[in-house]
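In what comes next, subunit A is part of two complexes: it sits with subunit B in the first one and with subunit C in the second one.
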Partner chain A sequence: MTTTAVRTVAPVSRGRARQYAGLVAAAAVVLALAAVSMFVGVSDVSLPALLAGDPAAVDIFWISRVPRTLAVILAGMSVAVAGLIMQLMARNRFVEPSTVGTVESATLGILVVTVAIPTAPILLRMGVASVFAVIGTALFLAILRRLPTRNTLLIPLVGIMLGGVIAAVTTFFAYRFDLLQTLSNWMIGDFSGVLRGRYELLWIVAALMLVGLLAADRFTVAGMGEDFTTNLGLNYNRTMRLGLVIVSLISAVVVTTVGAVPFLGLVVPNIVSLLFGDNLRRAVPWTAVFGAGFVLVCDILGRTIRYPYEVPVGMVMAVVGAILFLVLILRKRNA
Partner chain B sequence: MPETPAPAAPPDPAEVAGKGATRPAASLRNRIRTAPLRLVIGLLAAATVAAVVFFLFSDLKGNVGYVLPRRALKVAAMLLVAVAVGVSTLLFQTVTANRILTPSIMGFDSLYILVQTALVFTVSAAAVTSAPPTLQFGVEVVLMVAFSALLYRWMFTGATRSLHLLLLVGIILGSLFRGFSSLLQRLMEPSEFIILQDLFFASFNNVDPALLGVSAVIIGAVCIPVWRARHTLDVLALGRDLAINVGVDHRRVVMRILLACSLLVAVSTALVGPVTFFGLLVVSLGYQLCRAFNHARLIPIVVLIGAVALVGGQLILERVFGFATALSVVIEFAGGILFLYLLLKGSLK
Partner chain C sequence: MKKKLSSYLGALAAGAALLSMTACGGSATATPASEAAAGITVEHAQGSTANVPVNPEKVFTFDLGVLDTLDALGVEPAGVPEASYPASLSKYADAKYEKIGSLKEPDFEAVSAGAPDLIIISGRTAGAYEELSKIAPTIDLSIDAASPMESFKDQTKKLGAIFNKTAEVDAKLAGVDATIAATKAKAADAGKGLIVLTSGGEVTAYGAGSRFGLIHDVLGVPTAADVKADGSHGESVSFEYIKQVNPDLLYVINRDTAIGSEAAGANPVLDNELVRSTNAAKNNKIISLDPAAWYIVGYGLNNVEAMVNAVADSVA
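And now, the complex of A and B:
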């Protein structure tokens, strides 16, 4: 940030050029994965058939394959960025919406709407889920502010337990209203139901993510505490609120459209930081690109591992993500 | 269990505390606090008996010959789970010298489910279920103990490990095991999955009598040596270095206790499925009641609290509120909050 401004012009631009080249290459890889993703599936959609204009293939392609791939990319990018924002605000590398109770709160919200107004349109569901997600996340941040130590490992622990308590409440009511099975559908991210007309709300998330990307350094500053932020001339409360709303909305929309995608927001920003250091300007676009790539890989894996059946991406990510998370915390111990 | 001789008659902390209470300045609160532990145990035992009697005989109508044996099975399962969960958590906390850790938070019961799933996945459900339950259970327990021994030896025998790291690793391992089991379950034939599901989601409502018998034998076989080693456990609770100084073969004893924990967790998970926070709740309450660190008192107190909580809780939920199996959810909720509280309180110090 400021250091780059002080440096002489030439190395900066060379560094930038290299970085952009890297990003373009990574984006190309993601696009290639997206192309693969569009041709993986039970019904036969091949490139020659598409080019020959086979109507069945064209229909499947536009109604199912393209929306699914877009949904994967949008969700992957935005959840990863939401994780990054959460980490900046909490100033902790081991938190993300699914480890601080945001996702669990959103799920509780969906449950409440489902019970109160069974015929609620999706926008209302999303709205209520978002409100719950905001409350849950705010609760976590409030606990965080009261913690006297900023122990790196205590913060995610508290978050996970808070999520567990909220999930227990949700299970309790789901059990009472016979919605346990529906609940497990929300809790496991799955793109198999994505069709044209069922994923478009994810574009909202993309817009939110852009806002988050543009404001990312503000969250870093806000993470340093209220006094520090105010000294730099930034409105602390407004910044925290903005971050809170962005993270909560992203989680709520993704949970209502495809279900929870565990560990994504945790693993991707950490890997990016391992590879490129903590330069935020550099990390933000990489986080988005890696997030999309990561979910694409997991989704393709889930679709091929037991072909012709599908394993929901949430399950694949629960295993892959948990292993990567373990590696991350144990690495830190040895460091 | 450990044959390590107990160091010559350690002073009984309960009695030390009891003497303190007779001082004239002792306030009423202190007096209650240090009330003779025998009385506490007696009251708890009475409460347990009352809960069991109520559970068996209240609202007894219809075909008594059908209802009563079913209720009896249920009560027996709950009592066994109370013993298994209470004792395993207490032992685990003693060994790890920590009041927040429990076998289930460290992923023991998810590990058990994973072992079971992997077994069905690799061998086939038919082979697993057609084997006699004892053999099946035996194989599972051996695998589980082997795995957990490796895993927890690696985690617990290092010199200085941060508690928070340990907890976090345990929780993530638990979710990894769960994720891996559900992935394997997705990958197996649906018919096999149904058989598997029956294996571990036996709630208190449909307990298999044969399994109950096997579990009772195993729990008995574990608890007798544990009871005989109660004084060694008091020494272990002083911490690793002190225990070694006093002459306990720390490594060997700890491994044996972890083995006992694995067996107990396996039994309770096989009987009723995973209950993450029940042990934490029961043992925390036990410490509140039994201010002395004395396993001869702690073990019965913890077991009895567990029995009262399970039988009484189930009784209230079933007969008063009219829904049967949500007890574990209530426990999860209360336990989760207690855990958060302990975690925050511990860090505030």
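And now, the complex of A and C:
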């Protein structure tokens, strides 16, 4: 669907140089946003105060601001990359972990732990959520393999239906156990609870994302089907398993630490594709950078719209993401 | 998972059986209702209901606050919602009290089959007023968040009139008033308070005029921050906000324990460096409010007494 995307006609070497320059510029913008993010908050933290070593400001900076900014960047990058991997594996631009049942399964996992062991430590929650996410995603991929056609719209529809069924089961049990409100807290991503000591597990997803980035080409090949993959000398099942585990773990860890971040895995890879075409080598770093930037902007907005109160980042993202996506699609059609 | 499901199916079957049993019972008890003397007219949140019987035999209520008041007055309703009952009302979980839906959703068939003489609803079930009125006289005793205490007294007096317990109600309310006055006197100098609710690892703050505003509005604990008044939903805040507001008294309602039967222990959500540096933490004034009392039951005759006493202890 994106084969008509903008293509640079410049010679390869010049194009590549320009692309690197662009990427460096984009990374600089993200760093600037990160800097802004570190100075937005309820407490008084200013650069002069920090440099002067004001203990109160330094404390807040290290306890609250730096962890939050890091959490936003880590979650933003990894969820966007997870979306990209999912799209490569399903060979469809309309799927992402929150539309194929991965996030819903992870949430069901958290619910099961919460009901069974209310005092479960976060690592156990994450573990169970990950197992559920793997099962849910595997189920989607298994259904996908049995679909008679690879219709562009059928695949996301199947994913949405599967996600809907899992979400319905989750909602039913949440309702039964009076956990509906708690459930909605998990389903709406929110960084307001992030502090030093409460986000570090997100570094796990950074490592996973790196593996995913390095193996991105393989997922493209695996997306072409088992025979094709085997012909190219790649172990199909192993590649699919790797992708499955990476996407599921990223989703599960992010949902347990900050909640679901909607749209990200769908919007960012699509924007990258609209802007730079379907060259995967090019898309992968851009996806990570855009993902981080997108969530940073939304979180800064969420913290300032109703200052000193917060609007959960998940809500801001749903609105901003939808608008951004519409604008891009409409502009492309006019061009 | 499978086991859970099958147990639910079992419960469903049992529920169906119960339903058919109560249906027979309903027709048997229909006669005394018609014999009741002409009723009184009760003004309530959704208008006035003319034919409210005095001392009705079979009362259904969806509101745990009303249930708490009836319990305090020695009146036993016949139908109550399916809910996780707090300790003070735990006897109503028993199957001998007909289960007539959830806290928010009436089971119209069960209500209809039960043929009650009076149905009492409140904010959570206010939307079902029309439907329920068709089944039996229905009154909506919602608490007005703008002036909860007056509203509560008003509703309680109405219940007193309906059940011929005016004297008991007046005595009880006078007792509550006395505790409020005593608390108010001490609260003025006890420092500034902030009310927060924790749920799923996140924190929302509530101010004067909110559903927990009783603490500021009625009991006179000064506010540490001017959190926008809003009936039932708080404002999402960060821990930085709590540190910045630096309350002397931090009132905490842990929603995650409101539902389970687990005893509320230390709240892991608030156990962090920022909250620990507030005056409230330093002076050991982080007050865990009983979530069932504040979040689920709300304004009931015994419960208000318990809520007022909890705040009174915190400023003592």
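Convention: the second predicted complex is superposed on the first by the 307 of 335 C-alpha atoms of A that agree within 3 Å, B and C clash if a C-alpha of one lies under 4 Å from a C-alpha of the other, contacts with A are read in each partner's own complex, and residues count from 1 in each chain.
Just so it is clear, a residue touches a chain if its C-beta (ideal position, glycine included) is under 8 Å from a C-beta of that chain, and two chains touch if they have at least 3 such contacts.
These numbers come from a predicted model, not from an experiment.
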item: Subunit C versus subunit B on the shared subunit A, clash or fit after superposition; value: clash
item: Touched partner set for A:Pro118, first subunit B, second subunit C, both or neither; value: second
item: First, second, both or neither for A:Leu147, with subunit B first and subunit C second; value: first
item: First (subunit B), second (subunit C), both or neither touched by A:Phe325; value: first
item: Touching partner for A:Arg198 - first (subunit B), second (subunit C), both, neither; value: second
item: Partner chain(s) touched by A:Asn279 [first = subunit B, second = subunit C, both, neither]; value: neither
item: Which of subunit B and subunit C A:Val311 touches, first, second, both or neither; value: both
item: Subunit B clash site on subunit C (candidates 117-125, 171-179 or 279-287); value: 117-125
item: Footprint overlap on subunit A, comparing subunit B with subunit C; value: 176, 306, 309, 311-312
item: Complex interface listing, subunit B residues touching subunit A; value: 162, 164-165, 167-169, 171-173, 175-176, 178-180, 182-183, 186-187, 276, 323, 325-326, 329-330, 332-333, 336-337, 339-340, 343-344, 347-348
item: Residues of subunit A touching subunit C in the complex; value: 41-43, 59-60, 63-64, 112, 118-119, 173, 176-179, 181-186, 190, 192-193, 195-198, 303, 306, 308-312
item: Residues of subunit C that touch subunit A when the two form their complex; value: 1, 4, 8, 84, 199-203, 205, 228, 235-241, 243-244, 255-256, 258-260, 262, 269, 272-274, 277
item: Interface residues, subunit A side, partner subunit B - complex; value: 94, 143, 147-149, 151-154, 156-158, 160-162, 164-165, 168-169, 171-172, 175-176, 262, 305-306, 309, 311-312, 315-316, 318-319, 322-323, 325-326, 329-330, 333
